[in-house]
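Same chain, two partners: subunit A is paired with subunit B first, then with subunit C.
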Partner chain A sequence: MSTGNMNLTLKVWRQKNTKAKGGLVDYKLSEISPDMSFLEMFDVLNEQLISKGDEPVVFDHDCREGICGACSMYIDGRPHGPKDRVTTCQLHMRSFKDGDTIVVEPWRAKAFPVIKDLTVDRSAFDRVIAAGGFISVNTGNAQDANNLPIPKVQADSAFEAAACIGCGACVATCKNASAMLFVSAKISQLAQLPQGQPERYRRVQSMVAQMDAEGFGNCTNTGACEAECPKGISLENIARMNRDFYSAKFVSEEDI
Partner chain B sequence: MAELNAHIPEGELTEKWTKLRSSMPLVNPANKRSIEVIVVGSGLAGASAAASLAEMGYKVKCFCFQDSPRRAHSIAAQGGINAAKNYQNDGDSTYRLFYDTIKGGDYRAREANVHRLAEVSGNIIDQCVAQGVPLAREYGGLLDNRSFGGTQVQRTFYAAGQTGQQLLLGAYSALERQIGMGKVEMFTRHEMLEVVVVDGKARGIIARNLLTGELERHSGHAVLLCSGGYGNVFYLSTNAMGSNVTAAWKAHKKGAFFGNPCYTQIHPTCIPVSGDHQSKLTLMSESLRNDGRIWVPKKKDDPRKASEIPEDERDYYLERRYPAFGNLVPRDVASRAAKERCDAGYGVGSSKLAVYLDFKANTERYGRIEASVQNIHNPDKETCMRLGREVIKEKYGNLFDMYAQITGEDPYELPMRIYPAVHYTMGGLWVDYNLMTTVPGLYALGEANFSDHGANRLGASALMQGLADGYFVIPYTIGAYLSKELATKPIPQDHPAFVEAEASAKGIIDKFFAIKGTKTVDHFHKKLGKIMWEKCGMARNAKGLTEAIAEIQELRKEFWSDVRVPGEANEFNPELEKAGRVADFIELGELMCIDALNRNESCGGHFREEYQTEEGEAMRDDVNYAYVAAWEYKEGVKFELHKEELKFENIKIAQRSYK
Partner chain C sequence: MASFGNAFSSSIGKKLIMGITGLFLISFLLVHCFINALIYVNDGGLTFNMGAHFMGTNWIIRAMEVVLFAGLLAHIIQGFRLVLQNQAARPVKYAVTNGAANSKWYSRSMGLLGTLLLIFLIVHINKFWVMSRFTGIPTTDANGNHDLFAVMVETFKDPLLVVLYVLAMVSLAYHLLHGFSSAFQTLGWNHKKYTPIIKSVGIWYSIIISLLFASMPIAMYLGLIK
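This part shows the complex of A and B:
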């Protein structure tokens, strides 16, 4: 089946369910091609496990082109593995060497409980968005799109914040399991656009409150989130969020 | 047997939608609160429909198999979304978008539906911008546009190479807002396994909670399937790993006709297959054809590197064959042309199944413009390339990065190697003008239906259709049905139809575990994909299709006697999910081949080798095949053909020409 000549040892976190105790299990793989993606290497492992009558490793994945944000492996101590600015599905085996031992764990955070093996529950992110990560405009309410010119620099900056894929690498890598990069990216996107102004201060308060309620930690400015973010979301967003949060608390008439 | 009536409103083409919308029966706000609507799928169509219906006051339940609605595969759409705004003052109009779409679909789409799509296209852009979707802008602060295949105007709105992501996140945020307000109940990691039909009407679904394995009964006054396309029948496609036909197929088996299953879009610009381990194919957006020129060496089996081949020894075959549209011909035409060159021995790369997509010329051109902006006079070539590279990076940076990741080559230095791959399915559940299937109360939206793209979809039209259906069509058309359902009480979930549907879903799961075979699900999926790609792919013929049907029937038997599904039913078990999906793909694959064999003509993405012009272009048969093939499922995986004649009253039907 395989076409390459790499031999690898994997140490993979196996955990039956949320309550069960998990542990690392060793697997040997041979004939791995350097052109395979990391997840395709896991496909090979799973085919072998199923053929032997064992249970395959469960992991989240879907688009396999780096945009859906589903894949989420903690590889050799780094979310999404050794390369910068890529998701696990876009990591290829040419980034490893023949004979390597690779340790693969799930995201670790109180707000992201393990569901099974390498799969975690990231629904906390959805609840943070539901708390305020939107502009309240019902279908049919909109004016002509070009009635509201937005300076390119501002639009581009909003776009950069909007590029977040919601994978949770920022939380996984943070020693405090803080979700501030994720939350601030959405706040910052909308705060930089004129459409986002009416709810600006309400939004930041609601989203931060939900973020706290979910059990994410606080930010202590180590910057690991920015370094590990596959989409390069900037720490500036956190600064922007904090500024808006303080403004909201001190200035805004709407205290939430 | 259900009647095949498209319910196209009377009157002039340009008036049909406006008139219908103004005379559509309404449901008053107080009544909406007691009407439940089930939405299956949370991509562009599903999320926009669920959010819009909830805003209107309906009680909505939305289901997706992913861990979050934001991960639906609409997120991966790269290039853009069309709208007839005419912001570029290049003569665009509703009629022109309508015309381009009908022509692009090779005259196999319904005029009335396509015109409506063009009419609402502008509203979509307005809505998305109001939601804070950061579409690309010019320095004046207004929205930017680019060109896509099959058109000669610039009507495509975009957000770098992440347009689908930004539009989906817009719809997702609207959906999450409704979830937060308690107006939509969201069920993530749930898969629909059955439609429940009570007294001939869709009244609910059976969904499997993928984490616990529990089969759940959900009732509603109407069911909307927004579950996407079925490209994964080919195993290798640009679809997400989880994209599947199961929801649509189960509906098909409950009486919903399947329209034009053989119409498959093979996208011309994808990263070529690198080996047997490959699990999916990655698209390089069609927008790249704006600035990239496609070529192969003029010499057969040329062993030289791209950079060593001089300009006059390169064959820019699209520009040569189609001077009017050049690199911007529609996808079906571009894909076939690439296959033709590779089959003739001019392919490049180690597999020889690839052509070059080269950005050098335009990089230099952009660099020259940028130099002039920066007041650099008489810039040398190196300066131009350096400055141009920045421009290209801004336009397509994420795509170039992705290409470099996957292939290990730098596309800023070397031309990309590309080859066609399965990307989109124009076929889908047959729906009438109101988007209702042949089962009353069961609707299909977005890629899951067959309606707007005919035999070939133009680039940047999928996002447009998904959002049109969800934001601007279903909120109105569903009223016509629901206004008659006011007296219907909440459907009791112990109704025999629910019991039976649940038993059927459970029966299939139990059967999987009982087989205890020797081969993995993927083994069968790959085999199916190979049959489909070779015999029902870019080019088809009667002999191959006949063989394919027999081979798929054989494969189905083998699957049901030798598949191995590990683990248990009452736990999180992705292999079990895959088994269910592949079982449905196998049945669908057979129907696709039957449909392709029935259609004795070439049109759009359906190319029958027996029916081509001397120049190798698709040859339609408008006398005998200007119809939608709507297939009815019969017991024992049998299918019966029904025809919906296509009437062209506003467009003169003609041989498609892009020369």
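This part shows the complex of A and C:
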């Protein structure tokens, strides 16, 4: 862990808009504190660009505490950078060495077109959710906590799936730009709870159809998504989605 | 397949075809390897030729041969389609990727390994299967069976072919190393109790099958089997 200030070279993807041709641009940064987050380092870069009258680098960010899923940088060939189980905003400059050259690119997928610089359009994920990632009930008043008995193991497994923040790192790292880890997490958080049962087999068909329509690739089980997911979403969810999909297509009599 | 909706054209359905045909080919390899291993009885190929005779004349096996070619073709065609579709899903490539940080190289190279295997298969089918089925095996052994063993001995006098076969079996080992457990994951068989067993069986299967297959041309070239 370095303690002094760091000098870095950044190679950042700059692209004016979706249609424009982009390219990597070099920036030299000095006096970077190792305690800064990766996004704070970008804030410093942007302050310098603005004071020089240049366009600042556009990047997505919101909560900056690792729970919103907005930040999305592909750093040195890995989504969210070199550390496991963190988002870009929770990555700190102490994870790099003084003098490092860092390459920063946007998520790359046909379904995630670049809007500008490092910001991509992830509304494909929203459309997949809108296709079936919900339960259709009138919630009414809050029920007593233990009204619906759910085994602890099942509740935990549903909760682990629900930890997905929809950042898109799975798509970004997958060599096929497949969205199966995301979609399977969103299916699994509902498929394991009683409230999710009535629409379980409609949901899996609708969401998979929407996922395919968005132009994501096909899963080849490399496991890269699970390894890079900042929330540690497991491949077990993809297997569960596959099982539900087969049940829906080959057992249920309702085709979506 | 209208009544099954888009089951087989969906991303999961396409993978299901790869998984099922893959497992079928894995079961075929087991039979093929067992029959071939009969050369190690070392009786001048008499036992092996008997096995080959059974495989060539039993009507169930002959019917399965058709299914085998259908499965093989489905696996190959679907594989190429998946490679093309998956490449199209990322039209702009990354300048820097670090795949080694999150996955095994062979799991990311199934298309390449499969293509190498296809090239090998074309040579292999041309060398042995075409002769067994169509052009005819020239000699017979002491039992009166077609002497496929003699064809093997003759074929593996060529060191280039021996090298090709060994390299192909290296490709096969890595292809299976990913394919075996991957097929079960695709079928949805991911279970805390069974997955570790599937994974270790897959590793042992890949290594043993490939080593056994690779050992045969080497043993023949070195004259260890007569």
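As a working rule, the second predicted complex is superposed on the first by the 246 of 256 C-alpha atoms of A that agree within 3 Å, B and C clash if a C-alpha of one lies under 4 Å from a C-alpha of the other, contacts with A are read in each partner's own complex, and residues count from 1 in each chain.
Here is the rule we use: contacts are C-beta pairs under 8 Å (C-beta built on N, C-alpha and C of every residue); 3 or more make two chains touch, one makes a residue touch a chain.
Given the structure is predicted, the values throughout are model-derived calculations rather than measurements.
Student: Could you tell me if A:90 is touching subunit B, subunit C, both of them or neither one (first, second, both, neither)?
Tutor: In the superposition, A:90 contacts subunit B only.
Student: Could you tell me if A:56 is touching subunit B, subunit C, both of them or neither one (first, second, both, neither)?
Tutor: first
Student: Once the structures are superposed on A, label A:223 by its partner contacts, choosing first (subunit B), second (subunit C), both or neither.
Tutor: The second partner, subunit C, only.
Student: May I ask you to decide whether A:25 touches subunit B, subunit C, both, or neither, giving the answer as first, second, both or neither?
Tutor: Neither partner.
Student: Can A:213 be said to touch subunit B (first), subunit C (second), both, or neither?
Tutor: In the superposition, A:213 contacts neither subunit B nor subunit C.
Student: If you tally the residues of subunit A touched by each partner, is the higher count for subunit B or for subunit C?
Tutor: Partner touching more subunit A residues in the overlay: B.
Student: Should A:74 be classified as contacting the first partner (subunit B), the second (subunit C), both, or neither?
Tutor: It touches subunit C, and subunit B stays clear.
Student: Between subunit B and subunit C, which residues of subunit A are contacted by each of them?
Tutor: none
Student: Which of the residues in subunit B come into contact with subunit A in the complex?
Tutor: Touching subunit A: residues 48, 51-52, 55, 66-71, 73, 75-76, 85, 87, 122-123, 125-143, 159-160, 162, 164-166, 169, 172-174, 176-177, 179-180, 186, 188, 211, 238, 240-242, 274-280, 282-283, 401-402, 405-406, 408, 471-472, 475, 520, 522, 564, 566-567, 571-572, 574-575 of subunit B.
Student: Quick check on the complex: what are the subunit C residues that touch subunit A?
Tutor: 3-7, 10-16, 82, 85-86, 88-99, 101-104, 107-108, 110, 178, 182, 185-190
Student: Which of the residues in subunit A come into contact with subunit C in the complex?
Tutor: 11, 13, 24, 74, 76-78, 82, 103, 105, 108-111, 114, 173, 175-178, 180, 205, 208-209, 211-212, 215-224, 227-228, 235-236, 238-243, 245-246, 249-250, 255-256
Student: If we count contacts the way the header does, which residues on subunit A are in touch with subunit B in the complex?
Tutor: Of all residues in subunit A, those touching subunit B are 1-3, 17, 33, 35-37, 39-40, 43-44, 47, 49-51, 53-56, 58, 60-70, 85-86, 90, 92, 94, 115-116, 119, 121-123, 125-126, 129-146, 148-152, 155-156, 158-159, 162-163, 165-166, 189-190, 193, 195-196.
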